């Protein structure tokens, strides 16, 4: 059912650190750094838990390779002349499993809060990150963001 | 006041991993796995911070032994023909203290979000887990869920 | 951009443990323990992300040294004859960087929930802790609480 074996502390903490750096970059609105968390051909996919369970190949959002990610950030920057809201990522329950030579799978829970200018705070998104991480580069080969909600609008605004 | 001594990294991370596996099992609606996180005679208890502070022996919910836990899950499955909501556990601030031969106490903060089908997300429960863990089996000998709120209805729906 | 080097597991976990003990002390309403988390001359500062980005020297709240912190707690205790609400700290994404002999910088995300007596739960504050920790005493030399919201009232109630 569940693997009892505990990963090496250094490996576990390296993955948690990658997730933490990712979270802090996004929360600090350093969106231009976002593609650098992925390998050159890394994949980023946002989907809903409902799609995932039905094994529907639909993604709400899909980017393959850093070039496509950079394009996406540029579009975001142009679309959002003025973005007064803030985001805050909380990540927990990081389960790490070595799956291949130099590749580690990580599953983690996340909640992203959105804080409006007047202080109103709401849950913007919640769900699971299912990642494959290259340990050589300490970058995401793949990050799949599986959102609990199926409201699409919230999933499209910023990288999660 | 507070112990300065830092536990062994492998011990700390083993406990955090157990909590993470527990959280992911519940969030994935794998309720049938829930009893397996406890020792054969393990105890699960849900109470409120208010009861706990007044040292009231009342528990909102109590289960002793895996057999009772399996019964509880079966009842839940029969009662809830159709459960469109999802839950998301966030766990943090895990304090580990070895207390006995092979037994570790863990105190951790938790928040459980409930995500309705239309995307509405609310805090379903928050509070502290106070656990005793058998390191041999890496299972809970006792998990006490101390909820901040005293609203009973929310505490009865699913294992927290 | 971001340091790839991973800190020593024992160091990382010692900092996370300090943050966890701090969180549990506050959530258990042990406010009198709060000054003990700081070095004798430690500094505690609450500010907003907006002030921080504009490099405004304004702090919403400032305390230097344990004596001032004890005064603050005493005032709080006198002002709040009856405080039925509870708080719950969630901390995640702890980034640790050794910066000096015996001094470590830590950046972490936090969310504090407030649970009212009737069970209503709301986000009380969210933001970042930016800390400098003395590793000898395992105490904060400085804790800067950078809140996402600029609503001042919520920032003044209790130590965050």
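Letters A, B and C name the chains as they come in the text, with residue numbers starting at 1 for each one.
Here is the rule we go by: contacts are C-beta pairs under 8 Å (C-beta built on N, C-alpha and C of every residue); 3 or more make two chains touch, one makes a residue touch a chain.
Quantities reported herein were computed from a predicted structural model and do not represent experimental measurements.
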Query raised in the report: So what angle, to the nearest 5 degrees, turns chain A so that its CA atoms land on those of chain B?
Result: 120
Report summary line: Given over half shared residue numbers means same and under half means different, the chain A/chain C interface is different
**Report entry** Computed distance of Cα centres, chain C from chain A, in Å
**Finding:** 26
Query raised in the report: Going by the touch rule set out above, which residues of chain B reach two or more other chains?
Result: 9, 13, 90, 92
Query - Sites on chain C touched by chain B in the complex - result: 9-10, 13-14, 17, 19-21, 23-25, 27, 33, 36, 86, 88-92, 113, 115, 117-119, 121, 138
**Report entry** Residues of chain C that touch chain A when the two form their complex
**Finding:** 1-2, 4, 6-7, 9, 12-13, 49, 90, 92-95, 107, 109, 111, 122-123, 126-128, 148-151, 154
